[in-house]
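Sharing a structure with you now.
Chain lettering (A, B, C and D) follows the sequence in which the chains are written, and residue indices restart at 1 in each chain.
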Amino acid sequence: MSERIPKWADVVLVPVISLALAFVISGLVILAIGENPWEALKLMVNGALGSSYGWGFTLYYATNFIFTGLAVAVAFHASLFNIGGEGQATLGGLGVALVCLALPWPHWGLALPAAVLGAAAFGALWAAVPAWLQARRGSHIVITTIMFNFIGASVLNYVLVNVLRPVGSMDPATARFPPGASLPTLHDMAAALGIAWGRNTPANITFFIALACCVLVWAIIWHTRLGYQIRAFGKSEGAARYAGINPVRITMYAMLISGALAGLMAINNVMGEAERLVLNSVEGAGFIGIAVALMGRSHPVGVLLAALLFGFLYQGGAELALWTTIPRELITVIQALVILFTGALDNMVRMPVERLFRGRGAA
Amino acid sequence: MGARQQTERQATAAPAIELRAISKAFGPVQANKDISIRVERGTIHGIVGENGAGKSTLMSILYGFYRADAGEILIGGRPVQIPDSQAAIRAGIGMVFQHFKLVQNFTVLENVILGVEEGALLRPSLNKARRVLGDLAREYELDVDPDAAIEDLSVGHQQRVEILKALYRQADILILDEPTGVLTPDEADHLFRILASLRDQGKTIILITHKLREIMEITDAVSVMRRGEMVATLKTASTSPEELAERMVGRKVLLHVPKGPANPGRNVLEVENLRVVDAAGIERLRGIGLTVRAGEILGVAGVAGNGQSELLKVLGGFQRATGRVRVNGDDIDLTGRRSDGQTRRARGIAHVPEDRQALGLIMDFTAWENCAFGYHNAPEYQKNALFMDNAAMQADAQAKMERFDVRPPTATLAAKSFSGGNQQKIVLAREIERNPDLLLVGQPTRGVDIGAIEFIHKRLVALRDAGKAVLMVSVELEEILSLSDRIVVMFDGRIMGERLPDQTNERELGLLMAGVAA
Amino acid sequence: MDLMTALQILDSTVRLGTPLLLACLAGLYSERAGIFDIGLEGKMLMAAFFSGAVAFVTGSVWLGLIAGIAGAMSLAVVHGLASITFRGNQLISGVAINFLASGLTVLIGQKWFALGGRTPALSGEGRFQPIVLPFADSLRDVPVIGPVYYELISGHTALVYVAFAAVPISWWLLFRTRFGLRLRAVGENPAAVDTAGISVTRLRYAAVAIAGLLTGIAGAYLATGLSAGFVKEMTAGRGFIALAALIFAKWRPVPALGATMLFGLLEAVANRYQNIDLGGVVIPVQAMQALPYVLTVIILAGFVGKAIPPRAGGEPYVKER
Amino acid sequence: DPALIFDLGGKFDKSFNEAAFNGAQRWKAETGGSYKELEMQSEAQREQALRRLAETGANPIVMTGFAFGDVLNTIAPDYPDTKFAIIDAVVDQPNVRSVVFHEEQGSYLVGMMAAMASKTGTVGFVGGMDIPLIRKFACGYVQGAKAANPEVKVIQNMTGTTPAAWADPVKGGELAKAQIAQGADVIYAAAGSTGLGVLQAATDEGILSIGVDSNQNHLHPGKVLTSMIKRVDISVYEAFTAGAALETGMIAMDLAKDGVGYALDEHNAALVTPEMKAAVDAAAARIVAGEVTVHDYMTDNTCPVN
């Protein structure tokens, strides 16, 4: 119905203009707090994209957001609003930590698959209860997942303080994982291929797992029966029942996949970066996942792009806050504006663009 | 009488409504092209046209729901601007939309006063509305319980509420968009009596319908639309259904599908003592028993809401029930784990649901995805153990859509961008082409234009002639009478009686439907 | 548990429940009109900041309140623009508003006060003071009623009474007035409202503005009633709890009171009984802190059943696609 | 130039990080030198920040917070020519100075004062998140209170399990009120900005409170009994002053070194009676002399009293 503007304009032009608008307003905000927006932008771009070093961080953050974004997106396809990414990723971290600390792993090649299982299983477990309650008892998943974020934080707090913390350690964190559980960073991998890539950045092999998950989610959602049923259920529960699709089962599957994806984030931050489990290791990535999924229109490609954008903002903004007197909350404001303009106010741009194209068509 | 002569005579007395050169585009779709029409005061004016011809759009413009891209509106000879519905209401126009604009969880009274409240507080408005509604009910036989919630009312009653809304706003000009699509013949007759008495009081009525019989019965004049254009305005007295049909579709149409005698075989469906209690504890089916044989169409007549929907849902596998159902002699699980649509389909039961938009289709899915809906587990749609074969599904859908003359035959379009008639064809194609032993079909032609009705009826008869069993639920008695080989009538969850179509008539069936044992 | 303890817990319940109640009612207006609002948190935070900042600068809590309301309103306008005028995604807009508030408050706060986003502490006229109701002191010694009146009913700040009064007023407004009828209708079926000749846009903006007003009061209560100034992120997830309460209450004002007070009570109880020793087995503090959330889940699973939101909720009203 | 890295709580937390900031500012004011400061943005940046500062030649690099311990342990060997100082954690590397505070001793003293100032015989403690560090504060506090009055009852509360627990003055206020309702009339808050709510509620309800880390007496003059001060500022100042010649190894900031203590100024002078002061100072002297040992929760994860 809506072929009022060419597809390229819809997919590229409108978001780019929206993004530009968001940056212009951000510039005004920077100006208002007495700093130089142009310098700030340069610093951000340089810090995030100007070197393989910057990329190492940008990709690290993006990896987190890909996982949580995909998690939210999969649930969205089943019309379930999973606000629980934060808690699921927290528990995923616990799964990773338990796996990594269980054995003196000889090689990451063995530890990684086990940790993937641990992360996915714990994440899925934390999504399973809200899913079951929604499917069987009609408890609203938005509330239960919010509640499970808080409960997850309590569980982790208890476990770290009382169970997994090495005696005498001040830090409510687990011991360091054995060296054999240390994942190769992008630097290591590039070096193996003879490419120079920033040392000491947290981006690691998990980025490729995230990319694989994008493909996997795409395949599941659009190329499997399960995905077909999830989408059908998400669009119309009545019709799904007519078609013989079991609502309970689909709710469970969708949320289990969603929770597992959120849990997998822990491979990146817990196993790949910190190499131990600390309190609050998720750092809000679960919530950013919501924005990422919404902006990415629940499509893996969109999620990937949105995650990269947020990775850029995170790293660029962090550089800004690290090396200037601009408070780090500026990043939050820029993020907010980007979400607002590209995600919620996109019609503000689309409408004039449509008019432009209509005018040209008539002429 | 020539159209020119007619125009000359009307030029003297100002028509109630005159539209001049109205155009309206929805993006690339030109819904109305340069349309002009005059509607005389105190007449009932019919508008006919195929699905998507632009009838609803034109009327929505008149009612201020949409704004025309170009053109002029004159009411009583004076040009008026109708930028919104408030302006239309002020100009004395009321409209009953094809899809009702009622707030489902409000009471009748609340719906009636919405927008024309007397003051900031509700109570006085409600009191006044209760009084006025009482008067209107007496005057026009428009009874509804003023305190009932809309969601608890039958469609027929909901429509009455819509009419009451318009009358309460003292509309002089009443537009009804496909008002009889969901009514029983009795209710339709009742509606026409109301319309006639409204006309006799000098009100002007515009009636959009797909049923030419109704046009012939009640209208004074009729306009025919095709593909966004106005092709003719005729005096009803000087035209015929055949002529109208031809002008609408652009070709000759069979208004009655010819059908040979039935050749019934073994029992395909046997239902005994079927009972359903809904979530609110109300018994919806109270011991239904019936059989459908191979090679026959069993018509289930009844006023909507008397258990037909539940019957279809139980047989289709998405409503629990007690009792006994056998298909081809084998018992069917009605309550257990194997009581779902997938199992039913595996048993050779296909189902065209009553509500195609809410049940039969996923409106956001493409046509090709919809063409596999419910059969998505079928082996021919699988590439391997993991993946579905999207290409095969598309090819399959493309072929089905061409065979069922779905327009446009584009499998990649979303279901929601097809007109209702074409949506129905997609569902029918999916279910019939499965070559089921038993086809359950609810309201096969609701809201569908005559060209498509002809096609759908032909396909149902062909299925029967291929030796399949068809159970058809419809509120259209005409359809029931012309298609069925046997007819059962449902009332209040029970079967009131069984008749043969050539030994009964609309009147007798109507009585049974009203719960009066004949 | 003796009466005094019970009263103290209930008193705490009222204080903790009040911001939830105001935010919950805010969400109620918005969502009843068909506009989902997950930005309650952000609006409260914005209001908390501006009320704290302005109350400090001017020394007047009332000016602070007005500033807080204005702050929340400005975000409400953003939400309105996004979800009504430009028919954007209401969830995205809400998420953006939460981020925006969390960033802007600190950014502006740092610029103004250079205290890392905090406002300086308020005192005297810069805060809402408890109101002692008439006869509270003289009735104090009357058994049962006296303490209940003195401890529980009297002695709250003005905004608490405003919040409680907002419940019957909201009920009356929604179910007894023309405005309420239209508001509820627009959340159920905007097309019905439109064809009745009423502007969907104007109604929805009105609802969003009321949500702004109420979150504004909620935020002002946090910063100038309960505490003495703004601290960054001081809403601490209360907007989300309010949202949960709203669903719990099935979008009705009186149950909203019940739901928010239940959350308040659970928190008050968890605050009061943190280290419970069950004959040697000490329940860890984390368990007590998780208790309100666990209980919420249990109550939801056991007693509430399916909550059906307003039918047109979350969907922009589009006539022509 | 020296450099200072703040933990995630941020520079202006009114307590721990701010104390570090004050130390750096004092150094700057006195020497006219310049230094580089960073605030952490996320967990993943700890290593980044350390490495980049080291690579730009900053020396020494001072960081606040135990969360840096693990990272510092891995990167310190990579920069043998750079000196690091970490506050609140022990990192066993040749180029690292580990500064640990005996908060239990300071808390002990304010615990005594609380018990002596209490008329009801009940005092309170409000912590932020339940982490070992906070339990260390609590344990010292309880020991001190019991030492002053063996009969005293101590109510202990933690605010939450998420980082929001450090920034929820509303909940802090409620916890304080709940403790007041249970009879507490002196409350010690070790909970970041949540503590501000505790101090406020105590003031509103007319009881006394005890601040933490920095001297918070001025927040509510005449209402804050005292503050348990932790001289992070001194540690930073000393490290900056020592410059590249910073001595490494472990430094225990205890009462003997005036690393911890209680605050006495014009704001609380009227509250601290001479007897109180005498008793506390005597206890301090005994602790310094080793006659009294205050148990450190961290050594065995238990507290002898409750």
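Quick note on the criterion: contacts are C-beta pairs under 8 Å (C-beta built on N, C-alpha and C of every residue); 3 or more make two chains touch, one makes a residue touch a chain.
Owing to the predicted nature of the structure, the values given are computational and were not obtained by experimental measurement.
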| item | value |
| --- | --- |
| Remotest chain, subunit B as reference, centres from CA atoms | D |
| Most heavily contacting chain pair (counted by C-beta pairs in contact) | A-C |
| Centre-to-centre distance between subunit D and subunit B (centres being mean Cα positions), rounded to whole Å | 75 |
| Rounded Å distance, subunit A centre to subunit D centre (Cα mean) | 35 |
| Separation of subunit A from subunit C, taking each centre as the mean of its C-alpha atoms, in whole Å | 29 |
| Touching two or more other chains - residues of subunit D | 130, 160-161 |
| Multi-chain contact residues (two or more partners), subunit C | 117, 237, 286, 289-290, 321 |
| Junction residues of subunit A - those touching two or more other chains | 1-2, 150, 154, 157-158, 161, 331 |
| All chain pairs that touch each other | A-B, A-C, A-D, B-C, C-D |
| Contacting residues of subunit D [partner subunit A, same complex] | 38-39, 41-45, 47-49, 51-52, 66-67, 69-70, 88-89, 129-133, 160-163, 298-301 |
| Complex interface listing, subunit C residues touching subunit B | 176-182, 184-185, 188-189, 191-199, 311, 319-321 |
| Touching residues (chain side subunit A, partner subunit C) in the complex | 1-2, 29, 32-34, 81, 83, 129-130, 133, 137-140, 142-144, 146-148, 150-151, 154-155, 157-158, 161-162, 287, 290-291, 294-295, 327, 329-337, 339-340, 343-348, 351 |
| Contacting residues of subunit C [partner subunit D, same complex] | 4-5, 8-9, 11-12, 15-16, 19, 114-118, 121, 222, 226-229, 231-234, 236-237, 267-268, 271-272, 274-275, 285-286, 289-290 |
| Subunit C to subunit A touching residues, read off their complex | 78, 81-83, 86-93, 95-100, 102-107, 110-111, 117, 237, 240-241, 243-244, 247-248, 284, 286-287, 289-290, 293-294, 296-297, 300-302, 304-307, 321 |
